[in-house]
């Protein structure tokens, strides 16, 4: 295991009854990089996410986070170790304001109420939601909700941030903003794994891409290679993508 | 939340002063008794609120904690001559531990499953106490009469000291719950209430925080139980462990406004005097009309003012500004 | 066919999300509503399908008022909606979800035929027939939502961000499907973030900004307009 | 000894079937609307009183008052849904939980006012007595009620699974707005489910009135146990409630027989707690 | 205006056992009518004069209060009645647990309390100064039943070997159960089944199953009314046929017989009162007539029990010539009402100076014969011979 490895996934298999959602998936995420996971709908990306973050127990395989075997850890413990995530369907706390939502995340590592508040405000400035800090969570637009979810995850001060379709449903302008935010997060030294169908974002952001299909990893490589891979085109991108 | 305007602070101070002055102005045991019952149910409502209002764990089993508090201090006093104040703390701890013991199997239960589980748990406790010789079984326990003093937690000639003790308990409970809810615990409980998934994703061990909530709630409720035992000086399973007590607590919190600090207090100030005085006025007719009115009130408030009376008051307050 | 006249729409206890908008959709057209998040697009669709009521103004379908009809009858007038966020029946199977889509249709035979068409359109759904909808992957769910919308054999189909969370290969297929559906005579009202694809297949489009229509025109035309290029295509 | 064991098993089954019959109405309401009807036991009591008065005033045997009890309880369900429950459907969960408490307190005390707290019993119902199979005694009315329980459960199960309305009921429960978009009149569906749930307990009441005493508090323990059954079986699961009812009947009877009758309900509640510890969604819940 | 003496009465007038509370209340109200009015042909204390002659014809007024059957309300209402309504004495409560807290409150307030309707032995083991009990308690009742069995053995030349104790597990039943277990060996009976159960049980087949398995000669059953009805039905259904069944409380509630009709026949029940006493005691007939005139129903056991307390209090106050508590307590201690002035087959009313329990109180046993309560023991005051052993269920119509 290299020093640079932030996360190492070894031979993960996850079954739901007879259905194999992940089969023997292995890959490594290096410290400070952005790794994208792409693949057809139902390929098992979210499942993989859930296995890594402790929401599912894989049937086989092991997961190491910064050298530590976290395969059997529960979700909240993994978060405490420094892995934060967002959900494919946005989740925010509906009876809290934006600020309070972020404070909830921030409480993970900070105890004093005032410090928590300051830190949360700082994060909101960073993510550009500061102006809306007193808005109730559900009153935000989708774009802002996604941004809030990222802010909440940042509140837990992760070293690895995992985003499940954080850019779905954004307008091109919003997409640009989100991409900028993700770059900024990376610049702060956070490693990122993103699952995304928005290829623009995948192409521009990722250092490396892992492609899975029917639960198995089919290829891994830099974005430019991936989009030219016939298997990927056939299974995922479709012919029109080049157009 | 967590911040008070000067006007609010002034209001709370005025109310508190009025409550402190009450026994000096209004003499008579019955009004004092009604106030004590109001404080007691308000306290239990506040404790329940931490579970039901903030963490959406709708417990219908608070009577179990109430009973454990009452029984523990009484048994300690009767069999081992332990001072009731120490009994109060031991009872609270025992109730908290019981809460934890039941909280673990129930920690994955949501919504109604939790509600039913809490009923089942409280019924088991009731049935066991009802048959357990050591705690007097169905016959109950009469407390030994100690000389009247604060140290003995017992007064025979007047109810006024009970009044102040219960008022102090209530204020203490409100403070504890307020403190918890404006700090990490409150944030975490609300996150858990929103979604277990979300909470886990934010590093919140929902099992642990739900347990904390149960334990604090159980401790405070058990305190009320010890108070009850010292106040009535007799207890049996039928008077401290039954479902109607749990239900009363829920109603107090719900009608006042669950999930708000003062809601249960408002609920209690309406419901308790209402039920005490309707019993006095209508109860002797033996027709149950008082209970029918009570039922109608509950239906109307929950159907037409589902945020509780506190919700109504804040709405009015906002409009006034 | 569909006419929105000066409609203002808002949520309970909130301010107006849509203010005095008017637009029309003619029979057989594909019309897109585009606009940034929170512009009020979904709100408009909700009002047409009856989930929300306009506070002022009216909504007419074939000249008859629609805004006084209860939502469950609107379907029977041939209006179907594929809502934002899929909104499936989580514990029903894929097939049962599709059949619920045909709830308003009384003919068993027609239902069966549509079902076959839809399954042919989304082979993935045929594969997962018996699976509970809530355990489908995000994209599978989206497919199911669209399929369910088609099951009522609508004359007006409204789609709220159908390409959200769909893999690139399928995105084009979905727009292709919409195009085909419209060719069969179904009128389509489309809300999309994927502005490029949406405008491509649209006959006409309206641009919504903070609850008002700021621009309208033919699909291809709008693709060339500066406003759209800057704000929605990010060029 | 083993005869007594068989007898106890039979008794457990009989009470179990009755529990199932009482509980499926509750699971229906609960599953579809996500509302615990705390007045369920009181509905049972009302139905028993209806049956009693039909017998006393018009000499109608309880077996014939089944349709009337069912119909009247259906109406009651409709009214309560329309004027109370529908108001809290979109409100806070707690209000939903509490509103039926009000109904329960009201009905129980109104019954006292109308009919006094005294005990009543139907004197000579058509169905009475026991069948003897060797040393095993089988109470005829209980056996008939059990058959009724099986039929009703089966009918409801098929109705929900197979009929269009049944599916609409399930769909409404899962996603109200979507159901609306599919053309389901969700308000009517909710009213219908609440009414059907009430009607089912009406059937149970009519059966129970054949061999049980009747007074305003009669629903208490039955209500409490049916909550347990419904949760044990899994909310909204008809099959679950059916199986859980029988299970609880048997456990209660055998527990009382072998262990200690004083603790038999404690055993039932403990069984519930242990089950949900292992399966938080109940036996057949989701 | 006439002087009025206020006496407080706490009863469960609403709630689960309201029917019993209302029953008690009727007895009390009739007693007050008799005390306050002129009933020259009634041989009851103070019946002949209007009011209390020694207190200038003062009238008794009862202030009722509802406890809902909850101990805390017993206490609160007792206190309220004394401090706010200014009652000078207290009666009632029915449930022993409520009587406990209510009498505790009056003890603190130094107000006399005369109870004639709670049967927990513990009530008169507390050495309270102001508390008196007229009626027999459960320990006495239990002994009565054993005495009955012994008398029966002698009279019929039979021998019982085994008994079963069956009792509901609230305070009343478990008290009785405890007594049965304690007393049985003294009489040489072996207890073959000791079964306590929940009074609100929905089904009691497992309890009866255990009884059948134990097959005792005699069953002793302490129950409330719901379980009495349920057990009767289940005994019949499962064919439980011991030689005889003697019972407490539930089987004599007014609701029992109307509910079970002929199935109630033959059960032997402890009682302090039965209408057939009228044969020996004309007083009973006269009082019942008044009762029937006032309420349209026959006097029940509960009503008859509660009926006595106002007389005892009024008699003591009349002798004390004051309502002042110490004097009334003194007069109560000196109470000596002869047996012919009470509604029950007692020797009379006289309180033990220490425990304040009426030492003359005793029970009788009635049996349901042809759906009537008939006094069958003590044998010398029996209205009819006891039917024993019970005919098996199969042979009944």
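Order as written gives the chain letters A, B, C, D and E; numbering starts at 1 within each chain.
Just so we're on the same page, a contact is a pair of C-beta atoms (placed from the backbone, for glycine too) under 8 Å apart; a residue touches a chain by one contact, two chains touch by 3 or more.
Owing to the predicted nature of the structure, the values given are computational and were not obtained by experimental measurement.
Novice: Could you run down the chains that neighbour chain B and chain C together?
Specialist: A, D
Novice: Of every pair of chains, which is linked by the largest number of C-beta contacts?
Specialist: B-D
Novice: If you average the CA atoms of chain B and of chain D, how far apart do the two points sit, in angstrom?
Specialist: Those two chain centres are 31 Å apart.
Novice: Chain A to chain E: how many Å between their CA centres?
Specialist: From the centre of chain A to the centre of chain E is 76 Å.
Novice: Taking each chain's centre as the mean position of its Cα atoms, how many Å separate chain B from chain E?
Specialist: 37
Novice: If you average the Cα atoms of chain A and of chain D to get two centres, how far apart are those centres in Å?
Specialist: Taking the average C-alpha coordinate of chain A and of chain D, the gap between them is 48 Å.
Novice: What residues in chain E touch two or more of the other chains?
Specialist: Residues 14, 18, 22, 169, 196, 198.
Novice: Return the residues of chain C touching two or more other chains; collapse runs of consecutive numbers into ranges.
Specialist: Correct list: empty.
Novice: For chain B, write out the residues touching at least two other chains, lowest number first.
Specialist: Answer for chain B, listing residues that touch two or more other chains: 127, 130-131, 287-288, 291.
Novice: What's the complete list of touching chain pairs for this entry?
Specialist: Touching chain pairs, listed by label, come out as A-B, A-C, B-D, B-E, C-D, D-E.
Novice: Given the complex with chain A, which residues does chain B contribute to the contact?
Specialist: For chain B paired with chain A, touching residues are 1-2, 182-184, 187-188, 190-191, 194-195, 197-206, 259.
Novice: Would you tell me which residues of chain D are touching chain C in their complex?
Specialist: Listed in rising order, the residues of chain D that touch chain C are 164, 167-168, 170-171, 174-175, 177-186, 286.
Novice: State the interface residues of chain D toward chain E in the complex, per the touch definition above.
Specialist: 1, 4, 7-8, 11-12, 14-15, 109, 112, 116-121, 123, 130, 137, 139, 211-213, 215, 217, 220-222, 225, 249, 252-257, 260-262, 264-265
Novice: Please give the residue numbers of chain B that touch chain E in the complex, ascending.
Specialist: 28-30, 33, 37, 127, 130-131, 137-140, 142, 156-157, 228, 232-236, 238-239, 276, 279-280, 283-288, 290-291
Novice: Can you list the chain C residues touching chain D in their complex?
Specialist: Touching chain D from chain C are residues 49-51, 70-73, 75-76, 80-81, 83, 87-92, 96, 99-101, 103-104, 148, 152.
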